[in-house]
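What follows is a pair of complexes built around chain A, which joins chain B in one and chain C in the other.
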Partner chain A sequence: MTEVPEKEEIKNWYYSNFELFENSLNGQSKAPVHKIRKEAIAEFIELGFPTTKNEEWKYTNIAPLLTQNFKPAYLSNKISLSKEEVSKFLFTGVNASILVFVNGDFSNELSSLLPEAKGVKFESLRQVLNNEPDFIEKYLLKSNKTIDGFSALNRAFISDGIVLRVPDSTILENPVHLLFISGSDEENLLVQPLNYIFVGKNSQIKIIESTVGVGSKAYLLNSVTEIFTGENSVTNYYKIQNDPDTCFQVSRTLIHQERSSVFTSNVISIGGELIRNDISTIFESEGCESNLYGLYLADGKRHIDNHTLIDHAVAHCHSNELYKGILDEKARGVFNGKVLVRKDAQKTQAYQSNKNLLLSRLAKVDTKPQLEIFADDVKCSHGATIGQLDEQSMFYLRSRGIGTEKARSLLLNAFASDIVDLISIEPLRETMNRIILDRLHKVSL
Partner chain B sequence: MLSVKDLYVSVEGKEILKGINLEIKKGEIHAIMGPNGSGKSTLANVLAGRQDYQVTSGEVIFEGKNLLELSPEDRAREGVFLAFQYPVEIPGISNATFLKTAVNEIRKYKGLEQLDAMEFLALMKDKMQVVGMEQSLISRPVNQGFSGGEKKRNEIFQLTVLDPKLALLDETDSGLDIDALKIVANGVNLFKAQGKDNAVVVVTHYQRLLDYIVPDFVHVLYNGRIVKSGSKNLALELEEKGYDWIKEENQFSDSVK
Partner chain C sequence: MSTEIKTIEKLANSEYKYGFVTDIEMDSAPKGLNEDIIRFISAKKGEPEWMTQWRLKSYKHWLTMKEPTWQNVKYSPIDYQDIVYYAAPKAKKKLASMEEVDPELVKTFEKLGIPLEEQKLLSGVAVDAVFDSVSVATTYKEKLSELGIIFCSMSEAIKNYPDLVKKYLGSVVPFTDNFFATLNSAVFSDGSFAYIPKGVRCPMELSTYFRINAENTGQFERTLIIADEGAYVSYLEGCTAPMRDTNQLHAAVVELVALDNATIKYSTVQNWYAGDVNGVGGIYNFVTKRGACRGKNSKISWTQVETGSAITWKYPGCILQGDNSVGEFYSVAMTNNLQQADTGTKMIHIGKNTRSTIVSKGISAGKSNNSYRGLVKIGPKAEGARNYSQCDSLLLGDKCGAHTFPYLEVDNPTATVEHEATTSKISEDQIFYLNQRGISTEDAVNLIVNGYCKEVFKELPMEFAVEAQRLLSVSLEGSVG
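So, the complex of A and B:
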């Protein structure tokens, strides 16, 4: 393995790139957003990338990511993709409004909206920052604070992402697909979208976010997404992480839920070398429901870390979490699910479960539920399991003439189906079923 | 069809089968009876290929092949079927998917064409009636949430669909009321009728089932050995007298061992 360079060297790399970035901005460096960037790069220089000494990164060693430098994508040559090339990353049969980002930049040419979505405001962050000076004050400076080196780095290079605003009482039948295509043949890239999604009062939307790669070089996708769900709204968020084997993804999602809103996420991780997902939900008002689901499949030396935080700040909210993982070879999984039930959050219901299957003796998972309950009239439970494929079920299937390989993949698929079946978009569910079955065949080799 | 010679089997170092001899010819029905813990399920599971049982000596020939050398799936493909005493529940796999996979894996082994969805459905419909399987059970996950009786019926349903040569039924009658018992017996008799050479081994504690599935031979398994064999009258005798006289007869050989 290549040696990890000195901390200072890594910081210098990003700092000198920040200076290049700053110079490339010309007059734009006077824009208010640049003040945030400057503060953030200073924070990054102070913090550096997190190490396993940081409690939140205890089980995730990012060393493989530090052995290479990633060039901020804004400073590299743009790549061009045809609609044809993009179409292979779409989900067959899913009729969606499609928003494409190439190395973090929104591409108008590659995107297409369904007629029903014409009431929805789709803008690039770049556009919004130009046109709405108070967006910074209202959102950029509010909740998305620097928590570690990754979030600092994202803020230091703020430039693009999606700002999606669903007006009140708008029900979208078809999903909105945010497709992030990253990578290059020339150099390793750092891609850092910053996204804002606002779902209006009484509105309903399904969002698919998928991340895929092109090109032969590695990339680090370090994204931040903030979601605001309005009163009585329903949001389904599907995140499909299917990055190439050599790529890294750190993704942070913050959800703010208004009264009686329902937010459901389903994170399916089947690619990448190292993935770290942070999802934080805060109930701003009573009667909310949050469902966080996840499935991770990993073989080789893949590492997949899911951190969730649900902040029951107010009474009468429900949260429900189920994450399942299948780990083979030397893969590692991490699940850290924190549920905070504050003093006033009476009548809270919070359920959390994490189940893992280890297919090899070298595969490993660290699972850590953290329930912190300060209210007394609540219903909470959590559980975690780590196990192997059930011998008796294997024998049952084999005794009916089903070969070992097939029996294994049937059982693995059954394990995964708890999560996949929760995908409410039928063609997406079918596609994911097929992709996962395919993966499981590989995983169980 | 099946010839078991001097079979010794251990589990975790404990000897459970201590020299089993059993000859089953084509078309025959054998009943194996015996007190709890005597080794009946062990014998049935070893024949089906369960791997946590260790065969320490002896041989088993099935249709001219050394059965003990075959994997569980190949035994099934060659025509051995075990109806489990305690069928497992498998969440996440529907009965239909499970059975279709099994049917096609067996067909592939035999060099037959795969059944498509329609053909498979037709096959299922046919057999479902015989064992009174409700349509809804077919789409449910394998055995999940099935009652005891439904599980047993599902085993017999699988038997009729997979159509093996030798059926080993491990207490398929336990816990069934008389109607369910008749349905199970019907399924077994249908299986017998599907091929005149098909053979059946019924493991049971009760004479009752043998009124409907009439055995050619009855064996008593006690303490890992077949200590007595006879006609169907032996089952009646056991029903009447229990196992104490068998235990007494065999006390001497036990203490010598």
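So, the complex of A and C:
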């Protein structure tokens, strides 16, 4: 492995790119959003990339990411993709409105909307920033604060992303698929979308976010997504991370829940070299429910890190978390789940569970389920297990004439199915089942 | 609920029962810390040169260290130059019998409910009573020495058994370990030393009552227990302290070494002064406790009942080096008023088929904060390692906090690690059920809390279990709500 360059060198690389970016803005540098960018780059210079000394990054060493320089995608040559090329990244049988982002830029030509999605407003962030000056004040400056070098970097290069607004009382039968295609054959890219999703009162929506890669060069996808769920709304959010091994991904999702809204996320990570997901749910009002599910399958030298935070800021909210991981070869899994129950959040119910299977001698898992509770009338529990396939179950299957390999994949599949079965879009569930089965040592049942 | 609240308030307002100051002439070092003070302590105790050098080495290292800040407790900064590092009751000639012990001292112990004579006669417990920093009376020494068991104060051990001390002191908690352990290595005043020779089962519970007395005296105990091959020992540590207004720092170090097939059981009941309702006064209890299961099939078991101290910050841990070795940690931590506790354990699995069990019960009341912080680390060579952790928190009142920070690090696929935690309060149904049967709310809470802690109490030796239960109900006073 090449050596990690000096901290200053890394910072200089991004700072000089920021200056290039600034110059390419052509007078746009007077726009109010540029003030945020400038502040953010200053914060980045101060913070740098997080190290393992930072408690939030204790188990995730980003050194492999630092050995390479990533060029902000905005400054590099655009790549063009045909509809056929894009179609192979879609999930067969899923009838969805499709929004495609190529290296972070929204592509109108490649996207297609279903007629039922007419009422929904789809805009690119670039468009919104031009047309609605108060958007910055209302959202950009509000909750998405800099917490580490990555979030600062994202803000420093704000350019595009999706702003999706579902009006009140709209129920979408079919999902909206956000497809992020990143990568290039020319140079390493830094892709940093910033997305906003607003779900109106009494509305229901299913969103699939999938990340895939093209090209031979590495890329760093550093995305931030903020989701605002209105009163009584129901949001299902599926995140499928099936990137090539050249991918580094740092993704941050912030969810703000209004009264009696239900939010369910399901994060399935099966690709990438280094993946870090941060999901934070904040209950803004009572009666909310949040379900966070996740499955990570890692082999090779993959590193998958899931951080979740559920902030029970108000009373009468329920949260439920289940993350499962299968780690093989030299893979490393990290789970850090934090449940914060604030002082007045009485009648809170919070459950959290993290289960891991280690299949190889060199695989490693670090888990840290955390509870911080300041209210007394609550029911909170968390659990974590780390183990291997149960010998008795193996024996049971083998005694019934099922071969070792097959028995193994049956058991692994059963372990993973707890999460996969929670996908409510049937064709997506089947596709995922197939992909996962393929990954679990390519044994057909 | 209003009667409940009243009961609680009444109970909460009860004063610390063990608050009194014993008047004994002290032979103290001047305030502050520098090389001269360390030499003074060392000289005062008549230590050999190697010990003095070890202290100085620690002190030099300590100067390069920073006080840690990651723990989930808040306190005003400690001025290390404002502490008296050595205080001892005026040196007198060696005592052979109880009658020679200073009557003032005996009275103090009587107030605490641990009259030496009674202990000696009735309970069969050898008490090594540490009054402030120097051991004043050691009983049952002769009986123990017949079996070859060495049980004495640390200063005696340094003089009489330098080889053992040299070999094991600092071998589990090195002088570079952490800020407070290093400070302790530099200035430790006294403590207990126990060595159980090969194949000997210690016939009685070894016990030490620590008591902090002189005002502004930090107490820096150093305990070292070695169980040689096939030996067994059960050690009890119990603490009470008189009422104070300035915070007192207590930075002790306890080291346990278990060789092949040896078992060490270490039980603590800690009830130091926790400060008044407003958090004034109280002891800072920053302790480093660690045991090393060096040999095959060795076992170390920590049991602690923590009800006192303004701040408790300790993680008794086990290093499971030997194959098939076992580590256990049972803890009840109770906090009330403005008390803060950040406690837990570390289980480091290195050897094959090592097993560990963690049962932690936290109870928070008043405005207190109670954290469990634990690490379970399974090394790459720990084939078939097994860990089970359970940490439950009970919240009494809506102004307190309960936190859990478990760290699980697993490097071996044959290991099985489980962690479970729950947080809840005493339900109104439970109280109602007991009220209905004529049990007052206060007794009901006591009953429920005792039931909740039973898993840990049953690990304590009999005499201690009774005391622990009593302590808990005293601490619970005024916290029902």
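Points worth noting:
Convention: the second predicted complex is superposed on the first by the 441 of 445 C-alpha atoms of A that agree within 3 Å, B and C clash if a C-alpha of one lies under 4 Å from a C-alpha of the other, contacts with A are read in each partner's own complex, and residues count from 1 in each chain.
The rule is short, and it goes like this: contacts are C-beta pairs under 8 Å (C-beta built on N, C-alpha and C of every residue); 3 or more make two chains touch, one makes a residue touch a chain.
Small disclaimer: the values here were computed from a predicted structure and weren't measured.
Taken together through their common chain A, the two structures put chain B and chain C side by side without a clash.
Within the superposed three-chain model, A:365 lies in touch with chain C and out of touch with chain B [touch as defined at top].
Legend: residue contacts after superposition of the two complexes on their common chain; A:349 is shown touching neither chain B nor chain C.
Once the two structures are overlaid, the count of chain A residues touched is higher for C than for its counterpart among chain B and chain C. Contacts of A:395 after superposition: chain B is touched, whereas chain C is not reached. Looking at the shared chain after the overlay, A:169 reaches neither chain B nor chain C. Once the two complexes are overlaid on the shared chain, A:411 sits against chain B while remaining clear of chain C. Rounded to the nearest 10, the angle made at the CA centre of chain A by the CA centres of chain B and chain C in the overlaid structures is 70 degrees. Of the two partner chains placed by superposition, only chain C is touched by A:376; chain B is not. When the two complexes are laid on top of each other via chain A, the two nearest Cα atoms from chain B and chain C are 14 angstrom apart.
The part of chain B that touches chain A in the complex is made up of residues 48-52, 71-73, 75-77, 81-82, 84, 87-88, 90-93, 97-99, 101-102, 105-106, 109, 141-142, 158, 162.
Those residues of chain C that touch chain A in the complex are listed here as 70, 378, 380, 393, 395-425.
Residues 390-393, 395-404, 406-407, 410-411, 413-415, 417-418 of chain A are the ones touching chain B in the complex. Remark: chain A residues 55, 59, 343, 346, 356, 358-361, 363-388 touch chain C in the complex.
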